[in-house]
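In the two assemblies presented below, subunit A is common to both, partnered first by subunit B and then by subunit C.
Right, the complex of A and B next:
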């Protein structure tokens, strides 16, 4: 099915390049010839499958396939997320949420939704092209990232989060795979399929959100009244992972095991450190009653090498949800003090990389690789 | 609901500002002319009935009130941008609810389209509903998030509660969450009223809060002036809207009383008592299975055909609920409600209810809805292709 679409698109673009009139049998059946020519003269339309050329397949998920593509409208590289429509349930709720939320969010650190194409069996979202994502980037640079790059990525992550939280939107699925990175080092939040707009009085939400490793302890305990603190926990996990090179609470596939991992680091909370703890649905801390908190840097030794990193991580990874720092406050944390102050004046739609002196630093292993003229883990051709 | 303290006020102001911006961006409502929706065969009463029907289905599935409001907002925006035929109105309405549920409800709560089609009694196949879903998404450019009147009611209510936490002190059994649930029902009725359609959700919500405050406290004026200013609501609009809402609520009070209790009652019947959470109707959401059971047990159109006030259950929650309202009205003896001689006392006297025989204006809705569905049946667009169908269902309104 997707192959057919792909072939059709390639065919159409070829026709156009050779200056032949379009004769795609389905898409323009109802348009008369005059209108077809008018359209062609005015430019290629948005919303049409023929306006994009599929290049290679990037990845395949449970309900969508992602292709790299080129827009024939402006010649830019794009990402085409082809969503299969279910015969029974129609447009997946994730697609509806993602589209209607992204329509509202315009920010340099939020992925840009260019276009939506509906065909009979599929739905294609056209996004701006980003070279890689944080998961791949970390995979290509094992052992922790350059501290300047951690600062740069983290600042952008928090900037995007501060923006969506200000709009009262929760992402609810932050993980390295959902943070896209451009070759310049721009970071953008993507995949808003689980995101939601919160309202007053606070609705209760699903506790089946966020990949287990990045899920905060309150939600693991069944809390359904979470707020922006949910995303902050996930961002805190990602922060430590970037510095340390390893996910901080990884390797589990079970809620209790996940909580154990967290208590092993943060200590077991009590009603004193976390008011309301015992009222949470899955509260049962008898088994782990003796754990005491440790310093984060005991678990993650690299945290101590970066000034103020441990303190920021500690403030983001606070078990008591209301005790977690907000994205807005985290941006003002001392950890970011080495960055130029102009960063705080950059308008929402503009990338922080436009500030002079702010740029992605080569990672240590890349330098090492170029020194040896080898190709360690992809080396310089690390992007897709 | 947690009652927000003073430090919350800036957060609430931020919520309001945000909601106003969203409303300003895509607020759009259809225009009525000569008793029908401009350029269509949809009459005022059909419009009203379809909105109340969405409300009914929405509470049947125990969706949040915000989901009903979002569905209505989607419906209004669609009717404002296309010329829809009456025979498709019900299909459009149920599709709007499907979209609102997919947008606003959690995954585990969203019923299957098939179930929604069957339980709503809309006589539409899931395929038709799904085709309509895509048409609506296309027409509205996938831009569904907006600030509904319900969002504004929640915000204004939270603001009032945060400024005057003592407001409900004279009303034992009434807490902010029950209070807002009560106002929500009033708002639902106003949203079905075509005369009120011309007013923005922010205006309508503030009017409902104002009328309520007028009854609760002599000091309502400064509170409302402050909110009017914060919400930048046009005072002429506000006064006009207030008069209309006042009339509407006076007329609707009896049927309103019936309407209020039905969903809650069913919810309580459907849920094991032990699982009832502490905080009122917002907590009455349980697993989908329970919802399904609720839906199966109750024929959908029953509340519309019933003229008798419901006999309350023995459940504590229900009693609290009734008592809350009774106190509310008793305290306000000669107020707006009793002015028409229709003081709702749905519970008074337990079994032998001295309630006046209720003649809700929307009583005949069930019959009309069924008739509407029947007239739409012969068209049967089941085999048509989506695009073809779209061309037939909706003709573009170029003026809008």
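Right, the complex of A and C next:
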């Protein structure tokens, strides 16, 4: 029996290797693989390393290596995040938080944690497979995304945020790399390693959170009592970046430069526009050289092409943290009015793409590319 | 094998907690058979949900370990919420594995502290956890030296952390009554100032009650909102302000919907029961046992009749 399994292992990893590169991931996943793995489905347990076949390495981080894989239990593509246990300190604390939070979060816009495998030296998280992430997607489609797609992605991002904020959980590391996108256009929040459950109001947290570009000014100034407004700022930055095609506050070095970039757009806040500003730890008077706020669309010309986009961006990118719009309110913003109203009735576990008429639009540069290449690229699945 | 070990220690005598001192192969998270049946029985028994802990010896043993968690946690500088996480993790482990489990409870407690530090985003050093735990168990003794015994202990701690995670199914407890208590205090504080029945000591007393309730593992049986309301109710009574004026609906029904008067009384009884337990346990101050020789062999089969041996037991990795 053991021998059989081993053979099966070798066999299917060999078969999968011969199949690469997969030109039609979805159809392949749904038909061939399911058929192929049906014969060995019985008796394969969750939680065992042998239940998953590693396919290729996707990326390597500081404490984890990410593989693409396939589940022998149901034939689905999975992502295997292999976390090395440190000899000194055991399980990395990011892994503990990620697992413990994701176990509680079940939502169509949160990445799904299928399984956890524990071996002697590693801990492997098995996630559902997503084809790309927003950073890659924007890299492949420079110059700003199709406004319908921005609307679709933004709606899903805010829907996921509204859900986790309702559960009193902060993501604290929103950036395009952590927003996974399926080939259908579903967007899911991932990487909850920095996320935390809010416990006591006014509890102080670390201010070393969120990648610099997406870090809100209050946290840059050293505030440690942030709340869900932290994630909203990051989401606002991502929103403008999707429309404009470039990050809005792309500082290169340190906190001061990042703040300068923000003040250059929003204007330098005062105690009137931001009560309590002068009590923040990193506040200093040098910054008080007065700068007047500009209209966002002067900086980001494309914002004006989409109706109500500037207003939504303005409400999300408000310097005063308590003045920022909540995720729930942002979902009701006029920017999303072109979307069908049934979107608001979709249950939490169901993707918004199940609503008829909601689908990913081809980006302009994809249309050019497919025109140039003829139809060799095989339709939309090659956009990735 | 584990059963025979437990049976052997049972034959030697019913010393409180002796069963979980002797290390042995750990039980799987959901063991079938008698232990599984016991779990089911616990879930059904109304006494488990009501009064104080059943089974005095076990309750005292568990309470001792909870007190050890609080002491070590405070020395490690953990906040109230992290302490509550550690205690809840320990109690859940105990409930899942059963009192006859062959794990050293103090090692599990140390692992719970270690885990709680990480879960709260303030990771503790494994070395610090071990040193503080050692100091709590052996006051006045020199810290464990950096020889084989210490490394064995550290590996045991890391392995035990993994075991704890597995038993908890990677769901580190995060729902605690503290935040609800703060909200209730804020809400009632405004009301109290206007009504003139507030008391300056209520916040401190209720906070202490919530902390002790978490240490006693009440979070396993009651939702955090209810615990916070009951702690506040008791604190008001203790400060001589029995209840804010008002006709039904009472304040706790408004703030914590779903909390019935019986449950409120039940939680209050359990909280008071904890202090009864505390005086019981505190009545016999634990004598510090001699410092174990630092080779990490499990050489404790000879003294099963003593009250719980207060030392960390190294856990051989292959036992996990």
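Basically, the second predicted complex is superposed on the first by the 326 of 384 C-alpha atoms of A that agree within 3 Å, B and C clash if a C-alpha of one lies under 4 Å from a C-alpha of the other, contacts with A are read in each partner's own complex, and residues count from 1 in each chain.
Basically, contacts are C-beta pairs under 8 Å (C-beta built on N, C-alpha and C of every residue); 3 or more make two chains touch, one makes a residue touch a chain.
Note that this is a predicted model, so its numbers are computed, not measured.
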Item to check | Superposition on subunit A - do subunit B and subunit C clash or fit | outcome: clash
Next on the checklist: Per the contact definition in the header, classify A:88: touching subunit B only (first), subunit C only (second), both, or neither.
Outcome noted: both
Checklist entry - After superposition on the shared chain, which partner residues are touched by A:295: those of subunit B (first), subunit C (second), both, or neither? => result neither
Checklist entry - Is A:197 contacted by the first partner subunit B, the second partner subunit C, both or neither? => result both
Next on the checklist: Once chain A of both complexes is superposed, is A:118 in touch with subunit B (first), subunit C (second), both, or neither?
Outcome noted: both
Checklist entry - Touching A:166, do we find subunit B (first), subunit C (second), both, or neither? => result first
Next on the checklist: Contacts for A:99 in the overlay, against subunit B (first) and subunit C (second): which applies, first, second, both or neither?
Outcome noted: both
Item to check | Stretch of subunit B, among 289-297, 307-315 or 379-387, that runs into subunit C once the two complexes are superposed | outcome: 379-387
Checklist entry - Once the two structures are fitted together, what part of subunit A is touched by subunit B and by subunit C alike? => result 88-91, 93, 96-97, 99-100, 103-104, 116, 118, 120, 196-197, 199-201, 203, 205-206
Next on the checklist: Going by the contact rule set out above, which residues of subunit A touch subunit B in the complex?
Outcome noted: 30, 88-91, 93, 96-97, 99-101, 103-104, 116, 118, 120, 166-168, 196-197, 199-206, 208
Item to check | List of subunit C residues in touch with subunit A within their complex | outcome: 81, 114-115, 117-119, 121, 123, 125-126, 157-158, 161-162, 165-166, 169-172, 174, 176, 178-179, 182-183, 317
Item to check | subunit C-facing residues of subunit A, complex | outcome: 85, 88-91, 93, 96-97, 99-100, 103-104, 116, 118, 120, 123, 196-201, 203, 205-206
Next on the checklist: So in the complex, the part of subunit B that touches subunit A is made up of which residues?
Outcome noted: 1-2, 12, 14-15, 18, 22, 64, 66, 98-99, 102-104, 106-108, 110, 112-114, 126, 129-130, 133-134, 137-138, 141-145, 151, 154-155, 158, 177, 180, 282-283, 285, 385-387, 391
